[in-house]
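To keep things clear, I will list the structure first and then write my remarks on it.
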Amino acid sequence: MRIPVQPMAEKKRLGALGRQLAAASLVSAALLSPAIQADQSGLDMEINKHGEKTLEFDWPILHVGTGEYPAGPTGVTVFHFQRKVLAAVDVSGGAPGTVNAEFLKLGYDLPELDSVVFSGGSWYGLETATAVATALKDDGIRDGYAFGENPNIALSVGSIVYDFGSRRLNEIYPDKRLAQAAFRAAEPGWFPQGAAGAGRMTLSGVFFGCNAHSGQGGAFRQLGDLKVAVFTVVNSLGVITDREGNTVACYPGENWPEDLRTADLMQDFPSSRAEGWAGVSADDRNKNHNTTVSLVVVNQKLPHAQLERLAKQVHASMSRGIQPFATQFDGDVLYAVSTGELEATADDAMSSADLGAVASEVMWDAILSSVPEQPQVVPAAEDVAVSAKDLRRYSGDYRFSRFVTLRVERRGDRLFARSIGERDTYSIGRDKAVELQPVSPTRFTVPGRFPLVLDFSREDQLLANPGKWQQLGSKI
Amino acid sequence: MRIPVQPMAEKKRLGALGRQLAAASLVSAALLSPAIQADQSGLDMEINKHGEKTLEFDWPILHVGTGEYPAGPTGVTVFHFQRKVLAAVDVSGGAPGTVNAEFLKLGYDLPELDSVVFSGGSWYGLETATAVATALKDDGIRDGYAFGENPNIALSVGSIVYDFGSRRLNEIYPDKRLAQAAFRAAEPGWFPQGAAGAGRMTLSGVFFGCNAHSGQGGAFRQLGDLKVAVFTVVNSLGVITDREGNTVACYPGENWPEDLRTADLMQDFPSSRAEGWAGVSADDRNKNHNTTVSLVVVNQKLPHAQLERLAKQVHASMSRGIQPFATQFDGDVLYAVSTGELEATADDAMSSADLGAVASEVMWDAILSSVPEQPQVVPAAEDVAVSAKDLRRYSGDYRFSRFVTLRVERRGDRLFARSIGERDTYSIGRDKAVELQPVSPTRFTVPGRFPLVLDFSREDQLLANPGKWQQLGSKI
Amino acid sequence: MRIPVQPMAEKKRLGALGRQLAAASLVSAALLSPAIQADQSGLDMEINKHGEKTLEFDWPILHVGTGEYPAGPTGVTVFHFQRKVLAAVDVSGGAPGTVNAEFLKLGYDLPELDSVVFSGGSWYGLETATAVATALKDDGIRDGYAFGENPNIALSVGSIVYDFGSRRLNEIYPDKRLAQAAFRAAEPGWFPQGAAGAGRMTLSGVFFGCNAHSGQGGAFRQLGDLKVAVFTVVNSLGVITDREGNTVACYPGENWPEDLRTADLMQDFPSSRAEGWAGVSADDRNKNHNTTVSLVVVNQKLPHAQLERLAKQVHASMSRGIQPFATQFDGDVLYAVSTGELEATADDAMSSADLGAVASEVMWDAILSSVPEQPQVVPAAEDVAVSAKDLRRYSGDYRFSRFVTLRVERRGDRLFARSIGERDTYSIGRDKAVELQPVSPTRFTVPGRFPLVLDFSREDQLLANPGKWQQLGSKI
Amino acid sequence: MRIPVQPMAEKKRLGALGRQLAAASLVSAALLSPAIQADQSGLDMEINKHGEKTLEFDWPILHVGTGEYPAGPTGVTVFHFQRKVLAAVDVSGGAPGTVNAEFLKLGYDLPELDSVVFSGGSWYGLETATAVATALKDDGIRDGYAFGENPNIALSVGSIVYDFGSRRLNEIYPDKRLAQAAFRAAEPGWFPQGAAGAGRMTLSGVFFGCNAHSGQGGAFRQLGDLKVAVFTVVNSLGVITDREGNTVACYPGENWPEDLRTADLMQDFPSSRAEGWAGVSADDRNKNHNTTVSLVVVNQKLPHAQLERLAKQVHASMSRGIQPFATQFDGDVLYAVSTGELEATADDAMSSADLGAVASEVMWDAILSSVPEQPQVVPAAEDVAVSAKDLRRYSGDYRFSRFVTLRVERRGDRLFARSIGERDTYSIGRDKAVELQPVSPTRFTVPGRFPLVLDFSREDQLLANPGKWQQLGSKI
C-alpha cells in the first residue's frame, strides 16, 4: 500500500488496506532535490506492508502496525497494547538507543506501558517512539489527565537499529509521520516477517563479512491458556544460526565451505574472518552499527522482578541463534511485557525460569523467521552485446542522495563507473572506475562477494540492486 | 516574540528577535475547537522569550534556545553543544522520563552528546528530545553517515517535567514543532530564569501544599580557567530553601508562621502538613507528578567514571535547596557534561569531589534563581458593585479545553460558578456552585489558600488568573 | 594432600605438595559429634588437589589455589593476581552472592583487584572471599597503609555456588581457614578441572532432572602475544551442551533417547521434563539453588567500559554451552579481568567484540572441561547372598549429619532403610522403609534414576556413594 | 567489658555483661611483637561497650551488638533481625565496600535479610559481614538446609568505613572473631552513639581539614504504630551540620571564625580550604578514604520498589547534615529495611515519599548524635620543669606498629621526637625531630591544628593521645 501523504481522516481505512501487498515503490521526487534533501515530508509511505511471510496469532490485546519508507528503505514497527501492561527491559548491547528505559528499571508492579516501538534510522529513529506516545494523546486515547485511579499518560518505549552505512545510499529515517501512520493502522493478529517494518533494511553476520539481509522475526506459542509471543528485529554483527548449528544466511568468503557451520566460524576466529574479509567498509567498521531489538510478551501475571529475570534469560538465550551476540558494537535491547491476563496461580502458569525456557525457544523461532530470501550474485553473461547507443544513453551522473553520485562512462564498447560523491556506491569506489559487466542488455554487474546489479531500463534513472532493497538514482 | 508558524527559512532572524520580550500572548483559536482539540499545529509559539531575569555567561560552545506555547502555558529548553561532548546521567527520582539515558551509562570516554533537552508535558514532552536529534540531521549538522573517524549520528538526550494536573486547564505539551524552533533559535551566552522554557508552568512545595510557582534556574561560575554552568527546571514536591534555611516560596497553610523555615516544616512533618492541606487535589495526589531535571556543565576534561561521580554528588546536594528531594513522586534526572576544553592537568583543574563541591553551590544558586515572583492572593473588595447588565454578560459557559468548562451564573446581584466539564476549574468544583466575589467591576475571586482571579474584561472570553500563567476560556 | 590443621609456618611446603593427588579422605571425627556439629575447625582439608584433568598454561601473573573439605565435599578456588589488575563484573542470574561487586561497577580505569574467589557453600561461602583479602593483609602483601602512589588495600571479590540441598547429606561450607590455606598454596600455571575446588560438589542439568555431576572448567588460548584464560564453576539449572548440540552429561529420564540433544530437550519443554521428572526434590525446587560463576582473564589493556562489554558478551555466550542459562534460579556472575600486560595498540590486540568472540569460545571449552566422569547406576545383582550375620551387623542407625540419620533394618534375609532424621537420605525417604538390594556382599543399591550405593564394608560406618562424592555416616 | 578470648560457651553471659561500661583497655602484647604483627587472635575485645550516649528504643525484632578492638581502635556494629526482613540498598559513594549488595538490587518482594554489618577496617572489615552469616549457620539459626517454604540460608549484608591512614598508628581491622562475638552479644533496644562500634575511629570534615572525631549515630521515631529507626556510621569528607547551618565539629584552620557555618565553608570553597589546609597528609589524600554507611529500618510493609525509593530519598537527604556528601572519595552506602510488621493498609502507614520525609529527619538526628566530645588542643605549659632523669627515662624508641616507631631524644633539658619507621607519627615526621613541649611532668605536646599529647607516665610505654582514641607504643 502506497500512501502519498496520510491524512488523519483516512486512518480508519488503513486497517482494511493494510493487508494488501504493495508493488515496488518509487522514490519520491522530493528526495532527489538537493535543496530539500533532508525534508522527508513528501516521501511515499507503505503501511502494514507484508514481508516474506506473515505470522498470524490470536491475541486481541496486541496490535501491530508497520510503516516503511521504500525510498530508504527503512521502517518502523509499532506494538500497541490495548490496555496498560507491565514491562521490563534488559540492555545488553554496547550501543543502545532507548526511550524511557529508565522508568522500566524502577521495579514497580504497576502496568504502565502502552506501546513498544522498534525502528530503523539509528538514534534518529527514536522519534518514532515519542511519536506514538503523542499520537496516543492527540487521538484522545491517553488524555494526559488522570481521572480516578488510573494514570492516563501514555508510556511508549522504543529502541532502534542502525540501518545506515554502506548498505544503502541515503540516510532516510523513520520519523514522526511514518510512526503515527503505522500506529494508527495497527491491527491485531498479524506480524510481517522478513524485510518489513523496522527490519526493512537490516543485515546479519557483519562480524564475518557475511552481510546477509535479515529482517524482523516473530513467533508465537500457546500452552494451554499460557501465551508467549516474541518479536525481534535482527541487525546483527552475529550470524543467524539454526538449531542444527548451520549458518542460515551468509555471503561466504572465498574458499568457504558450502555447508557453513557457525561453530566453525566461531572456533576458527580470527582466521575464519581473514579470507574474503571485505564485507564491511573501512568507514563502517567500529562504528557501533549493529543491533538486535526484541520484545517478549507473555500473558501470565508476573511480579516485575520476575519479568526482569525473564528478560535476562531470554536475552542471553539469543546468543544461540545469533553468534556473536551482545557485543560492544551491537545495541541489543529486549523488552519483556506481561499483559497480566493469566493469573500467576492459573494451572498453566509457570515459574519465570520455565517461562523463560519456553520463550527462549519461541525467540529462536522468531530469529529464524526473520531471514528473507537473499538476492543471488549474478554472474556477468559472456554473450551479451549492448549497443553503442544504449551505452551512450546509460552514461551520465546518477545522484542517489546528497552524498552518493555515480558517474557511468562509456569507454569503447564497455561501461565503467566511479563514485564522484562523498561516499562510495556499494563496492564502486571513488578512486578509480570499475568496469560494469553486462548481465543483460539493460543490467550490469560488478563481480564480488555481494550481489551488485545496476539496472538502466528506466529513462534517466539508475536502479541499484532492483528488488526489495533497491536504490534509485536520477541522472543529473 | 510570537511566531504564528515558523518557516525554516526564517530561522536566521530568530536569534536577533529572540531576545525581545514578548507581550502577553493569545490562545490560538485552534485550541478552542473541540474537533481538533489535540491538534497543536496552529498554536502560537514564543521562542527565546526571556523570563524574570536572564543569566548571561561566556561559553561559546553552549547554545540555549527555548520554546513556549503560551496557551498551555508550557515549554521546552534546548541545550545544544557546538561539538560533541562527554556526558553522564544520574536518575534519582521515582518517575523519570528519559531519552537515551541508557547509552550514557555505558561509561565510554567518548564525546558523543550533541544536545540536552528539557521539556514540560510529562512523557509526551520527550518528543522534544528526539525532535532536536532529527533537526540536527535534517539541517545537515549530523548527516547520519560517518566520514573518517568521527561518528556523525546526533545524540540528543532529554527529560521532562509533569506540568499537567490541576495547575492548568488544558493538556498542551511541547512537541516536535516547538522543539525544533527552539533548537534552531539557540544562541550562546544566555539562559532565561523563572517561568520560561521548560519551567514555564512548574510548581514547588507541593509536598506541603505550598504550590508556589517555580521555573527554571541557571547559574555560572568561573574559577580561573575552570567553568561551571548549572541549569535546573524545578517542579518539585519539595520546598525551595535558601542557605539560611528559609522557605523561599510557598502559599502558606492557615496559621502558618510568617517566616517559614523549611527545617520546621520537615521536622514537624506530618503535622506540618495537616493544616490547610488542600493544595493538591485528590486527582493529582500520588500520581508521580513532580520532577526536577538538571544539567551540570564543566569545561574540565574528566574520565566518564568521574563525571558520573560528579553527577551523583551534585544531584544529592540538591536535597539542601529542595526539601524533600528525590522522592518516588519526583522524576529527578541530572545530566553532567564535560566539554573537555580544560585539560585535567591544567592548573585550575580539580578532583571530581572538589569540582562537585563547587558545582553543588552553583546548583544551589541555580535553584534559587528559578523562583519567579508569585501572584498574590487578592482579597474580595467590599465596595465593588457590578451592574446587573455586566453580571448577565459575564454569565455563560466558558470552555477552556476538552475537559474544563466553567458555568458562570448570575443569582440576583451575585455571581456563582461551577465546573460542568469533567475536570474542576482550579478550586471551583463540579459539585456545587461557589460564589465569585468581586475584586473590581471586571474581576472576581474565590477566597482560598491560592490566588484565583477570573477576568471578564474580554468579550466572550474568560481569563483565569490573568498574567504569566493565565488560562483563556471562550464562551460557548 | 590431606592437611589436618594448617599451620602458617608450613605454607612454603604447600606448593610442592599441592600437586600430589590425595587419597580418598576421611571424614573428620569432629563432624560426627552433635555437640559441635557446626564447628568446622577440625575438618580435614585438601589443598591443591587435582581433579579429573589439569589445565596447564603459562601466565605467571595468575596464581591458582584450591581448598576442599572432602567431608562435605565442598571447596574453594582462589585466583590471586600478582599485581593489581582491572576488573569488571556482570551479574546475570537471579540469585547471586557477591563481595565487592558494587565497586567493580563504578567504571574506574584503575587496576585495583587482587583476587577472585569462587566457593561452594552458598552465601556462607562468601567468607572465603573476605578471608583472602585479610590473608593478603595478615601476610603483609597489602599492608592496609598506602605508601606512595599505590593504594595498598586488598580488593578481593568473589561469588559462590549453592552446593547444599539433596545432593549431599551435610551442610559443610568452605570457610576462612580453608580459603586462606588455598590462597597461601596458590601457584601459577595450573588449574584443576572437574570435581575440584569450588566445583567439588556441583551439578548440571537440574532443570531437566539430569542432576549430573559437574565441576569447574578452565581453558586457555594464546594468539600471538594475546592471552585469554577462562574459568567457570558450573552448577547449573541448564544442561551442558557441546558444539554439536549434544547433551554432555545427564542421568536421563525414562524412555529418553540414547543420544540426547539439548535442542530437543529445550524445544519439547515442558513435555521433555514430564517423564521421569524426579530429579529435584520438593524441598529443593524453587530455592534459587543453581549458579555458574566465571572468570575471564585477558592480558590486553582495555578501558573499563570495554572490559564490561567483554564481560557481557562472554556471559551471554554461555547460553550456548549451558541451556537454559541466566535464569531466576541461577546466581550467575562473571568477572572479567584485564591484566594490562599487552598494550591496546599492540599488533595482537583486538577490539572488545573480537576479543569477546575469542573468549566466548574459550569459555565453551572451559564449560566442557568441567564435566567429570559420572558414576553409573549399578544394578542389583541377582545372585548375591548376604549372610544373616552381616545383615545384623549392617543394621543400625547411621548418622551423617545433624539432619540426616539412616535407619537400616534387617527383615528376614532382606535389608530395609528409612531416614529417621529431619532430611531424606537421597532417595530414601522418611515415610516408609525401602528395600536395599545387594550388589555385592557389602554393597547395596536402591534402583532409580540416579546411582545410589550404600557400602557397609567399614566397621560401624556407612559410606554412601563411595568414590569422589561419598558421604560417611557413623553408627550411633 | 574486656574479653581476653571469647569462648563460645560463654556467649550467654555476654548479654548481661554487655551493658557495663569498660575501663580504658590495654593494647594486647600480641600486637607489639614484630613476628606476629598481623596476628589479631590475641587482641583484647570490647563487646557492647557504650559510647557517649546510648539510644534506647522499643523494637524487639532488631538486635544490636558491637565489638571493638581498643588497640586499634576500630570496631564493628551488627544489626541482627530476629526474622527475615525485606531490604534494599543505595550506593551513592565512589568507593564502596559491599557484601551481597547485588542480591538486594534484584527487586524481589521476599524477606531474605538476616543482618546488616557495619565495620571499620576498609575492605578488610568486610570479613565481619560474612562472619555474621557463618555464625548464623554455625549457631544453628540458619541451618543451610531449607525445610518447608522458608529459605534457610543466612543473608548478611554489610559495608565498611576506611579508618586507617594518618588518624591512627596501626592497621588493626575488625575480623571474624570480633564480629561473631558482637553478633552473639546482640541485644534489643539499644544502640551506642559516638565513638563506638564501627564508628570507633571515624572522622568528619576531612574535606576542609577539620578532621574532627565522629562516630556512629542512631535515632528512633514512632508515629502511632509506625516505627522508624536510623543508624549511621559517619566517616565523612563532609562536615557535620545542624539544622541551623552550624558546623558541628571541626578543628578550625587559622583565622577561621568562631561560629563556623557550613554554608560559608561551602560557598567560599576552594578558598575556604586554603587556610590551614594541613589536615590531610599527602599520603592520605585522594585515596578514597571516607565513607558514611547507613541503615534505615521501618516497620511498615513496602513493596521492594518503594523501599528502594525510600533508600534513595533518605540517602540524598543526608547531603544536608553532611556537606559535601556522596563524593568520589566517600564509599557511601545505605541499606533500607522493612520489617513488615505494620501492614501497608494500616492507619499509620504512609506513602514512600512521606515515610522518606520522616526518615530523613530521623537520619539528620542520627547524624548529629554521632558526634563525640572532641579532645581539645592542649597548650604547652610555660612553667613545667621536667627532671633530667625523667627526660632520660622518656628517651628511647617507641614502637607502635609495624610501620610506626617514634624516636624520643633528650637534647639538654629539652625533648625531641622523630619518626624512624616508615610512617609518620601524627604530625611528627621522619625528616627532622620536633620539640616536645611539656604540658605536665609526664605529658608533652606538639602545637598544631590538632591535639597531640604524648604521655610518658607508664613504664616503658608511650601513650599517644591518651583517652578514647589513644595509641600505645612500647619501648624497644
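Residue numbering begins at 1 within each chain, and the chains themselves are lettered A, B, C and D in the order written.
The definition used in the following text is that contacts are C-beta pairs under 8 Å (C-beta built on N, C-alpha and C of every residue); 3 or more make two chains touch, one makes a residue touch a chain.
Remember, predicted model here, so these are calculated numbers, not experimental data.
Note on chain C versus chain D: their Cα superposition corresponds to a rotation of 180 degrees, in steps of 5. Taking the mean of C-alpha positions as each chain's centre, the chain lying farthest from the centre of chain C is B. When the interfaces A-D and B-D are ranked by how many C-beta pairs touch across them, B-D comes first. Work out the mean CA point of chain C and of chain D, and you get 37 Å between them. Centre to centre, using the average C-alpha position, chain A and chain D are separated by 57 Å.
Centre-to-centre, using mean CA coordinates, chain B is 43 Å away from chain D. In chain B, the residues that reach two or more other chains under the touch definition are 94, 106, 309.
Listed in rising order, the residues of chain C touching chain D in the complex are 37-40, 91, 94-103, 106, 122-124, 126-127, 129-131, 133-134, 137-140, 143-147, 151, 153-156, 162, 164-165, 171, 173, 175-176, 283-284, 287-288, 333, 402-403, 422-423.
Those residues of chain B that touch chain C in the complex are listed here as 106-109, 303-305, 308-309. Note for the complex: chain B touches chain D at residues 92, 94, 207, 223, 237, 243-245, 263, 266-267, 269-270, 286, 306, 309-310, 312-313, 315-320, 323-329, 350-354, 356-358, 360-361.
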